[in-house]
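Structures follow.
What follows is a pair of complexes built around chain A, which joins chain B in one and chain C in the other.
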Partner chain A sequence: MTRSPFAMYGRELGALALALLWCVPFYYLAIVSLKPTTEIFADPVGFPDRLEFANYAEAWAGTMGVSLGKAMLNSLIVTVGSVLSVILIGSVTAYVIARNGRRMGTLMYFFFVAGIILPHQLSVVPLYSAMRQIGLVGNHLGLIVLYSGLMTPMSVFLYSGFVRTLPADYEEAAEVDGASRGRIFRMVIFPLLAPVTGTVAVMVGMVVWNDFFIQLIFLSGSPAQTLPVAIYGFVGEFSARWNLVFAAVFVSIAPILAFYLFAQRQLIQGFTGGIK
Partner chain B sequence: MAKIQFDGVGKRYDNGAHAVRDLNLTIEDGEFMVVVGPSGCGKSTALRMAAGLEPITEGRLLFDGHEVNALSARDRDVAMVFQNYALYPHMTVSENIAFPLASRGMAKDEIAQRVARAAETLGLTEYLSRRPKALSGGQRQRVAMGRAIVRDPRLFLMDEPLSNLDAKLRNQMRAEIIGLQKTQGVTTLYVTHDQTEAMTMGDRIAIMRGGVLQQAGAPRDLYDHPANLFVAAFIGSPAMNLFQADLRFTDSGPVLVTSGGTLELGPGAALPARARDHDNRTVVVGLRPEHLSLGDGPGPSLAATLTLTEELPPEKLLHTLITAETPMTDQVVAVAADVDASAVGDLAQDARAHRSRLVARLPVDTPVPASGPLDLRFDPARLHLFDARDGQVIR
Partner chain C sequence: MLSPTAARAPLSWAIPAIVIMLLFHYAAFVAGGWYAFTDWNGLTRPNFVGLDNFRRVLTSEEARSALGNTLFLTVFYVTLSNAIGLGLAMLLNGSLRGRNALRVLFFAPVVMSPLAVSYVWKFIFAVNGPINAGLEGVGLDSATRVWLGDPDTAIWAVLVVMVWQFSGLCMAFYLAGLQGIPDEVLEAAEIDGASRWRRFRKIIFPLLAPAATVSIALPTIFGLRTFDQVIALTFGGPGYATETLATQIFKQTFGFGRFGYGAAFALVLTALVLVVSSIQLIVLRAREDRL
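This part shows the complex of A and B:
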């Protein structure tokens, strides 16, 4: 492929401009989070008269007696728990479905695909009362169970598509080599699924970390409340303390940004793993 | 190590394909048995049934006299080498070789010892920490072998293990596999569709066609005494020359009448005992290329036209045409079809032109004219006669 240097520079410049555009919200995030409370409504977008670093301390103290640090830990527990659970359940289920007899496999496959299509918001009310009765409201486990249920269909869909492309030879070789079913899955199949596992981890991780609706309903007011719920605590019934909200948001995206910078290469590989 | 018996074994796939029918075959303890046949004849299916990867739908499979039909692959204690090796891509060479041992719960230091020994045997020691992706085809093949020889299985199963290698490497690995099998003394079932491989490697060869075992025996036995036209045409390179003739017993001895003339075999011609039963019937005559010679000596000769000479020291191959019908039985066509589609076309063309191709194999220094007519002499005792209707040999 030959390209003129002008086209190349043009493309680079375009990409840079686009990247700058992406930075604009971060700028506002930063300046609003440093505004004194009095200035928020008077001059919401201007540069603050005085940088109010105390906003961060106040935001860090959190709401409902849960500090932002604790909320972040809660988010982390729920996210990691959900990711692990979805990976485990999704990969095993997909393997069984993809390697099973045609009829049963197809039936289960469509069962899970239906799970992707149905909007879960419809079932929130009955779900809430059911989960409440078995003690799964207001704690980490409840959310992990809930997200596993929501995200497993998608992961089964991704995993089973990949398993179908795996030649049966590996499993057959392992079987002749005397490996049990469990060992075949653990030692041979699961490692081969790594590209999908990466994709599923990122997908589930992003959804769970950023989700607000479910976490608000199932966790608000509990010591297990997660970051989005904690931040929402700054938005009161009569007044919203936007500077604190913004400060909290700024703190809460820090670990994600760090993760992206750290795992950039692996993430891109994971997303493009299927296309070679 | 074990004696393996296929006792009326058959396989019908779910889609109705009857891949193997009534297979009766015994592989003696320590024997190297090669299963050979054209594509789709059921070789792999037979092998996979022995491995336990494919359920047996008819008959019984015995290991040392015990039925193993219901035994799963992991409990049969066999080792298998796959055509594309099936090396675990995420494991190193040493982990690959250790896998079957680790699966059986062997102690770590014993595993390490055995892996080291197997690697030594196969010359893989310096590659032990590499991944399969970073190996050449021949090295991958060795790793696959290593995974098989690292333990002492009852049976080695190999499904075209050399077909992905180039010719030179294939020859080398062929010798290595024979050597390994002999030193380990493990009963081996080896599948190939290459008859040269079969002839050079097997203690015995089983030839299959369309799911049916055609003949099993020592390589020389199959070469010298093929049971039917299929075996005759399949074994040997260049293949056995075949043409059609009417067999007649006259006062001056048996004669073969072709569309080109009458071939007197002589009064003393030693024909098979049952040849008499075929008096006045059409037979297919088979002659190995090395049993044809030039010059005037005793015995009958065929009037041929030389079309091409191939020199391949220490021998040369004369390609000739004679006037005689080409047999177009399904067995002969099946062998031709396995070579390629154009071979069938050539065969049909010869049949239409009422001619047959004959190849003679002579020492390279035999003086031969550039082209033109030629008398090909043969010893009637070397003739193979087949019933033209069912292709069975006349004994």
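This part shows the complex of A and C:
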């Protein structure tokens, strides 16, 4: 395409200006966490005179006896547990929906997918009181159970779109070879679903890792508290010490940011897969 | 002999998932809906109080602020993140130096925890923080403000954080849409002498309809549920200036133990999400077919 050099430089300049604007929060995230306390508001804009790495050591200790390391481990347990159980439930269910005829399949599909739109703010109230009675508040298991329940619609939705396109040839071949139904699913179907399994893992993993509302309600003040709850408590205790807060915030963001930089192409594709 | 396909995936395999759906979605939904008509405090037996909670939801100051703010945030957030996202996508779709790095940068906030992001912005907006320091630095002392403590600016600060964090998501949707448009179509239009604006309006924009559907529908649901940003930045204040439906649900239920009243708020939020999403989907899908 023909374009005047003026228009081209205009575009580059515009892009650069926006990029700089977008970088501002990242800039502060990096520098404030390394500033000595006295310098934070004396010079809020500039670079620190000396780098205070001790902020990270102090932030790592966390609050209420839960270190940031422990909180990160809690987040990891809850996230991995939820992802695994959602993958299991979603893949099996979507397979059943796809193989059970038009009418039954459609009916079940809507039965599951309706759960995506309903905001869980309403269901969380009764779920909280019911789960409190059976000891599922304030621990990992409770959250894994809850997220598995809440994220089932999304995983059934994602898996269904894919399973429908799978031809039955492979299953038939496996059946001729005398494989059992369970074995056919495990050895033939599930491996074919790998691309969606990746998408489900990333989507559900991100939602659970970053979710705050439910974790605040279910884990507040508990030793099982996850990163968002820990950061929230941390800010409550050290609100005046922005360098510590920023160190804690940086620690909480670092794992997911590292994962993103490592797998950004696949991750963005996971988000936009449905758009043609 | 081969068994019919359905026999390979017996319905009984779906029973766990069906039970999960009944418990975590349908039963919980009905139970929550029932609480909305009671005075339950989370501990003692609930009494049926008819429409009392809803009367309060319609008349109390906190509820009206929450509803107004939620709608305000949703409308502006959806509009701005779509405008910026579409602009970024157009900018980054052509040949531009460093466009991959820029995509990675603009999308990065999307994967981060909204709570953590909001704390970073809380510092930027602080009274003696970078924005005010910068304004003073260039002699605009009169423009400095208590951004998060001023009822006129606090809600805009919340909006800025949401738009900064999620415009990249709209950008990704529109970029995916743009990549689906064949170059030949655009080249043909250029040869026919269509201006750039005309090419955008008559060819690109209509073909982006599926991307627009997602780009509008998803942020709408996010916007209606706004919670993390408000809790981190202002905790609903000053006064009720930044209260949203989700923050009120949390405060009424788990802060004050008014489970019934909180459930009424949640029912209003649910109804709002259902009505808005259904209308949107019908309109946007119809638009996709028409274009």
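In this section, the second predicted complex is superposed on the first by the 212 of 276 C-alpha atoms of A that agree within 3 Å, B and C clash if a C-alpha of one lies under 4 Å from a C-alpha of the other, contacts with A are read in each partner's own complex, and residues count from 1 in each chain.
Throughout what follows, a residue touches a chain if its C-beta (ideal position, glycine included) is under 8 Å from a C-beta of that chain, and two chains touch if they have at least 3 such contacts.
Small disclaimer: the values here were computed from a predicted structure and weren't measured.
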Please tell me which partner, chain B or chain C, touches more residues of chain A.
C
Per the contact definition in the header, classify A:192: touching chain B only (first), chain C only (second), both, or neither.
first
By the touch definition at the top of the document, which applies to A:19: first (chain B), second (chain C), both, or neither?
second
Have a look at where A:122 lands relative to chain B and chain C in the superposition and call it first, second, both or neither.
second
Mind working out whether A:246 is in touch with chain B, chain C, both or neither, as first, second, both or neither?
second
Taking the superposition on A as described, I'd like to know which of chain B and chain C A:210 touches: first, second, both or neither.
second
First (chain B), second (chain C), both or neither touched by A:176
both
For A:148, using the defined touch cut-off, is the partner it touches chain B, chain C, both, or neither? Pick first, second, both or neither.
second
I'd like to check the shared interface: which positions of chain A are touched by both chain B and chain C across the two complexes?
172, 175-176
Which residues of chain A touch chain C in their complex?
1, 11-12, 14-15, 18-19, 22-26, 28-29, 32, 41, 43-45, 89-90, 92-93, 95-101, 104, 108, 111-112, 114-115, 117-119, 121-129, 146, 148-150, 152-153, 156, 168, 171-172, 175-176, 181, 184-185, 206, 209-210, 212-213, 216-217, 227-228, 231-232, 235, 242, 245-246, 249, 252-253, 256-257, 259-261, 264, 267-268, 271-272, 274-276
In the complex, the residues of chain A that touch chain B are 167, 169-170, 172-180, 183, 187-188, 191-192, 194
Complex contact set, residues of chain C against chain A
2-3, 5-11, 13-14, 16-18, 20-21, 23-25, 27-29, 31-33, 35, 42, 88, 91-92, 94, 96-99, 102-117, 119-121, 123-124, 126, 128-130, 133-134, 137, 164, 169, 172-173, 175-177, 180, 190, 210-211, 214, 221, 224-225, 227-228, 231-232, 245-246, 249-250, 253-254, 259, 262-263, 266-267, 269-270, 273-274, 277
In the complex formed with chain A, which residues of chain B make contact?
51-53, 72-80, 82, 84, 86, 88-90, 99-100, 103-104, 147, 157
